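Both of the next two complexes hold chain A, though its partner changes from chain B to chain C.
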Partner chain A sequence: MSATTLHADASVPDEKQAAAKSAGRRFGALVVRLGAIAAFAAIMAYFVIFAPGFTSTFNLINVVEQSAILGVLAYGMTAVIIGGGSDVTEGGIDLSIAANMGLCAAVYATLLSMGYGDFLSVLAAIAVGMGVGALNAVAVVGLGILPLLATLAVLNVAAGMELTLTQNTVVGASSPLLGVLVSGSFLGISALAWALIVFSAIMIAVIHGTAFGLRLYAVGGHPEAARAAGLSVPFYVSFTYVLSGFCAAVASVLTVSRLSASTPGSGELLLSVLAAALLGTVFSRRFVPTMGGTLLSVLFIGLLANGFQLLNVSSYWVNGVQGALILLVVAITSFARGSEGSR
Partner chain B sequence: MSVSANDNAARPSLRGFLAKYSVLIAFAAIVIFFSVASPTFLTPANLFNVLVNNVVMLAIVALGLTIVISSGGIDLSVGVSVDMASMVFVMLLAAGYSGVTGVAGGLGAALIVGVLNAILITRLNISPFLATLGVLFIGQSTQQLATSGGQPIYLTSGYAADQFNAIARTALFGVPTPVIVLIVLAFAVHVLLHRSVFGRYVQAMGAQPGVAWYSGIRVSRELSMVHVLCALLAGATGILLSATVKSYVPLSGNAFLLDAIGATFIGTTLSRERKPSVIGTLLGVLLLAIVKNGLLLVGWNFYWQQVGIGVLVFLVLAASFGLRRAAH
Partner chain C sequence: MTRSMKGVVRALALGLAAACSLAAISGASAEELLLKGKRIGVSAIGTDHYWDLMAFRGIQDRVKELGGEVIALDAGRKDQQQIAQLQTLIAQKPDAIIEQLGNLEVLNPWLQKIRDAGIPLFTVDTATPHAINNTTSNNYNIGAEIALQMVADMGGKGNVLVFNGFYSVPVCKIRYDQLKYVLTSFPDVKIVEPELRDVIPNTVQSAYSNVTDMLTKSPEKGSIGAVWACWDVPQIGATQAVEAAGRTEVKTYGIDGSPEVIKMVMDPKSSAGAVAAQQPYEIGKTSVDNVAKYLAGQKVPPFTFVPAVLINKENAAEKGKPFLDAAEKAGVK
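Coming up: the complex of A and B.
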């Protein structure tokens, strides 16, 4: 309740600012946005010239495959941020998404190893993922707990349940579906890469091509106005958390196929997922989270790690460069938005 | 919104009472439950063990986060401050420097993290969440590069071990030094946050950043101070941690982050305006520590403890937020 009120309060100066925003400021924002994209392009150009084999089809498909898991998770996070508002302490966030993926992967791999078929196992993983998402939705929408806190508690529950289920061990898994995901290919593109392509197409179409997606932005941008316009804010916000759980389940199948097992430690992905979803805002005209922007930043993070590998730079640098890039991009973005943009 | 809150204050209801004291009620219920379930729980030896091993370090990190969260921000990089202080402290001792130099160096490393956060947030206008997330990534890389990929440093005997023992294994009037450090720091942060002009500024920035700015508070100077203090407190934790386990294990500080955020926010349920407070935070830390210890004593393994803590935090938050919402 207080969260929505705060949002309404906070958006008032934004509107005044937007009204006062001169054409010059808009031009500045455009230059900055293009500048950020140009910086990305410059890094890519460097890799193209100096990293051997960077542009080979094999390598690029490899990057897309590696990005599939992060991408699917980042879509879930992006949806939650769109529907809950992008204020990072009061707005929408799902800290449980990576732990949820770990739990779904454990359920999926355990059921497979117990001899249940693909159909039942995948169904169970999706049910668990969406169940965890529904728990988040109940906590955030039903009980009014801050998303940051609610999903933090659920993170602990999901991570603990994964550990109890697997006893912190690797659970090997193999099945026809996993076989297809590992070695199947269509039109020369591997199944994992297809998974990311198809999932991206669906997400972009739903969020950016339908009235539903537009309403989701309305709910996140100004909940009071959305309610006044007759939208059911609780429904839309709940939907994003359940969708986030669904994304976690899909990602869990992909991660089990990639590793041929469910392994502990998937919670470490959380920060990269957050980084991808937040970094993606720089690709949108109004600096809001978009599915397309998230896809670009996921691919960028993937290409960055890959380029470093090809250049034989120690992988220890990757985190740091990723962190520095986030800071650079966000500093530029907040500069473009005006001095009070990030407050 | 504020009108209905005032109405509610005028007519205290049972639900309002339950919402306000849900943490205390949960705390009492949990202590009673474990006292009955385990004969060793309520023994002085066990409670002492909980205090020294589970409370002190988490509490000091949580004190820092209490200041930051009071100012309306967040610090995801507390783990980096813990680790960097721990790393520099242990490396200096390994090189034969004195304990005092080691402690100063460790705190200096944490100070750098805090200043970096402060510059990013106040000068470059990056939101605290993203700024400290970026610093977290950079801190992780720095440690990996400095330790060839995360090799721990163990100093379990010799000169350095004596220095460690001088910090972690000494006591004053029977109270272990780390506990004294916690008491002193908790008192200091309490005075700073709840009894000083600085504290009032911090609370004002947390409640209404725009109003604080228009009222002439130098928001960027106070915010810088907030982040530097938080990093220094986390750095003190890193030094106590290293001295206790006689080693530096890279990337181990992050384990504090989620628990400390949880403890601070559990503490906010004590106040009607959901403001963090030192007493609330300490209560939150105690609650988490006692549940961990109690579940261990009644025979739950480490994995179930995590589920238990998640469920407990969830229930406390649900009771506090849900009942308060119903009371409106």
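Coming up: the complex of A and C.
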């Protein structure tokens, strides 16, 4: 973080020195990054060799299914980090995303149980999700509150509304759409796994294949430059929060299908969502969040829990390893970011 | 009928013996029951409460004692994680799965999948049609006994604050329904409406503030006679609140027998009136014995009851001690 500011201040006479320093850092960052990827690869290789049944198609599809909800949420978080900049303290972050999903799931399940059809209930869930996203946008862009604090406040609003709605109880739900998501399959791949595949394809295409996505990176990377180039920074940043709310709503439908109900405690997912979005930066050459990187890290987190279980290693280790990886990646990115200022 | 009676008798014997000597009983059964070469999957929704932890440990210890291998999965009270763990567990094809507590609405479709995969399913304290056997306490008994104790202590009249946040949890439903049933015979004992809601997490803090609020709302002494909860963690908060408010005429009642609550009941000055103490460790072990029997080709009843003990102000010193000793032995305060 301090490295970023240093670079912003770097004036013309210091340029050579800065370039040399930057090259050194860049090399260091490359080594660390490759090291991290090697560690990921080594863990996977270990599972492939030692965990019984790890590579079976059945097991791998299971993992994709288990990763669908986390994946959809992590895309929302990634979009926010891309648009708001990846500075961990002042950049874009949406701490409310998991609680928002809980609220959307509660709305969806409650409406279904009241007899409204899928169409209306899904629409309502999406409206609520995007509404909460818009609230984030107003707080961050309109009121200029630090995203970390603004979305923390909105997290509490969403969690409180969910509790009010469900009274902290389990709301059972069933509908034709949920039936398809639970038991449907196509080409031997289950509906939930397809949901992740299709959603991933859309997100990757939009963020990495369009001018819109490129501008979003510009807004997050260099707001001043983006503004000078005539981009409406507030619009792009607001968009990411609303998109994040949309992702929460989509994930809520998936979660209700998987649990046959809306249940309290969705907020617990936040750490994994953050982990996925932050770990994903390791897969990018410039340490920026990418949708592809997020997908890889979501699958990695899923495979980690799966592999440990297959090896009969205590599930308590999964949290520890996940936490350690976040720490490692945040440390690497903060260290490496110095080389990125002068790009 | 005879089979389930046998189960009850057996469970009674087990419980009694366990109270005297845990080591002796396991030595005796180990000769007949074996799980050599068997892999048993164990899935628990969480182990953050004394009951859950002890049952989870009882299962694991017993499987190892009988020479089996345990795949122990603790979902950390996250439904998503428990479902993912069960899904992977089904793919691992263990010889049997023991499932311990959780949201039935969430679990049932997955328990069905376990059976569809041809894996014998056993449950601990979780009544579901998919399980071959559910090992638990006799919650009908427990619910009636604690309700009767409460009514007796109240002298057959007064108002009760009731925590009813977990009616969707089957054992809580039974205990609550039993309370209601007992109260039909005592029309002068009234439940204060609206009922209170116990929550997870922050159960103690939340119960403390709920009860404090209600005592403030009914300031005259004697306007509230008792606090009831279907488990004993809210009872901790309720007891602290009653004592802090100086309203010691209010007594608290709960179920499970966490060591902290047993100590409260044993303390003559405490407002904790009674607690029905279960034997979660024994319940876990007994469930494994049922698995071993089933895998050995013996028939097992659909449910097995492990006896609970009502600890009240009169018998606390004598009845409470074995429970505290067992907790200490397990390294739990």
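Going forward, the second predicted complex is superposed on the first by the 295 of 343 C-alpha atoms of A that agree within 3 Å, B and C clash if a C-alpha of one lies under 4 Å from a C-alpha of the other, contacts with A are read in each partner's own complex, and residues count from 1 in each chain.
Convention: contacts are C-beta pairs under 8 Å (C-beta built on N, C-alpha and C of every residue); 3 or more make two chains touch, one makes a residue touch a chain.
Quick caveat, the model's predicted, so the values are computed rather than measured.
Visitor: Quick check for you: in the superposed arrangement, does A:V330 touch first (chain B), second (chain C), both or neither?
Guide: In the superposition, A:V330 contacts chain B only.
Visitor: Per the contact definition in the header, classify A:S314: touching chain B only (first), chain C only (second), both, or neither.
Guide: A:S314 sits against chain B and chain C alike.
Visitor: Please indicate which partner A:T169 is in contact with in the superposed arrangement: first for chain B, second for chain C, both, or neither.
Guide: In the superposition, A:T169 contacts chain C only.
Visitor: Determine, under the contact definition given at the top, whether A:G117 touches first (chain B), second (chain C), both, or neither.
Guide: Once the two structures are laid over each other on A, A:G117 reaches no partner at all.
Visitor: Figure out whether A:L274 sits in contact with chain B (first) or chain C (second), or with both, or with neither.
Guide: After superposing on A, A:L274 lies in contact with chain B but is clear of chain C.
Visitor: Which partner, once the models are overlaid, touches more of chain A's residues, chain C or chain B?
Guide: B
Visitor: Quick one: classify A:V157 as touching chain B (first), chain C (second), both or neither.
Guide: After superposition on chain A, A:V157 lies in contact with chain B alone.
Visitor: Under the stated touch criterion, which partner chain does A:G184 make contact with: chain B (first), chain C (second), both, or neither?
Guide: neither
Visitor: For chain A, which residues lie in the overlap of the chain B contacts and the chain C contacts?
Guide: Residues common to the chain A contacts of chain C and of chain B are 167-168, 314, 316, 319, listed in rising order.
Visitor: With touch defined as at the start, can you tell me which chain C residues reach chain A in the complex?
Guide: Against chain A, the touching part of chain C is residues 69, 71-81, 83-85, 87-89, 91-92, 103, 105-106, 108-109, 165, 168, 197, 199.
Visitor: Within their complex, state which residues of chain B touch chain A.
Guide: Residues 1, 72-74, 120, 124-127, 129-131, 133-142, 144-145, 149, 209-210, 258, 261-262, 265, 274, 301-311, 313-314, 317-318, 321-322, 324-325, 328.
Visitor: Help me check something: in the complex, which residues belonging to chain A touch chain B?
Guide: That would be residues 1-2, 5, 13, 88-89, 139, 142-146, 148-150, 152-161, 163-164, 167-168, 271, 274-275, 278, 314, 316-324, 326-327, 330-331, 334-335, 339, 341-343 of chain A.
Visitor: Which of the residues in chain A come into contact with chain C in the complex?
Guide: Contacts found on chain A: 52-53, 56, 58-59, 62, 65-66, 69, 167-170, 172, 182, 255, 258-261, 263, 265, 268-269, 302, 305-306, 309-310, 312, 314-316, 319.
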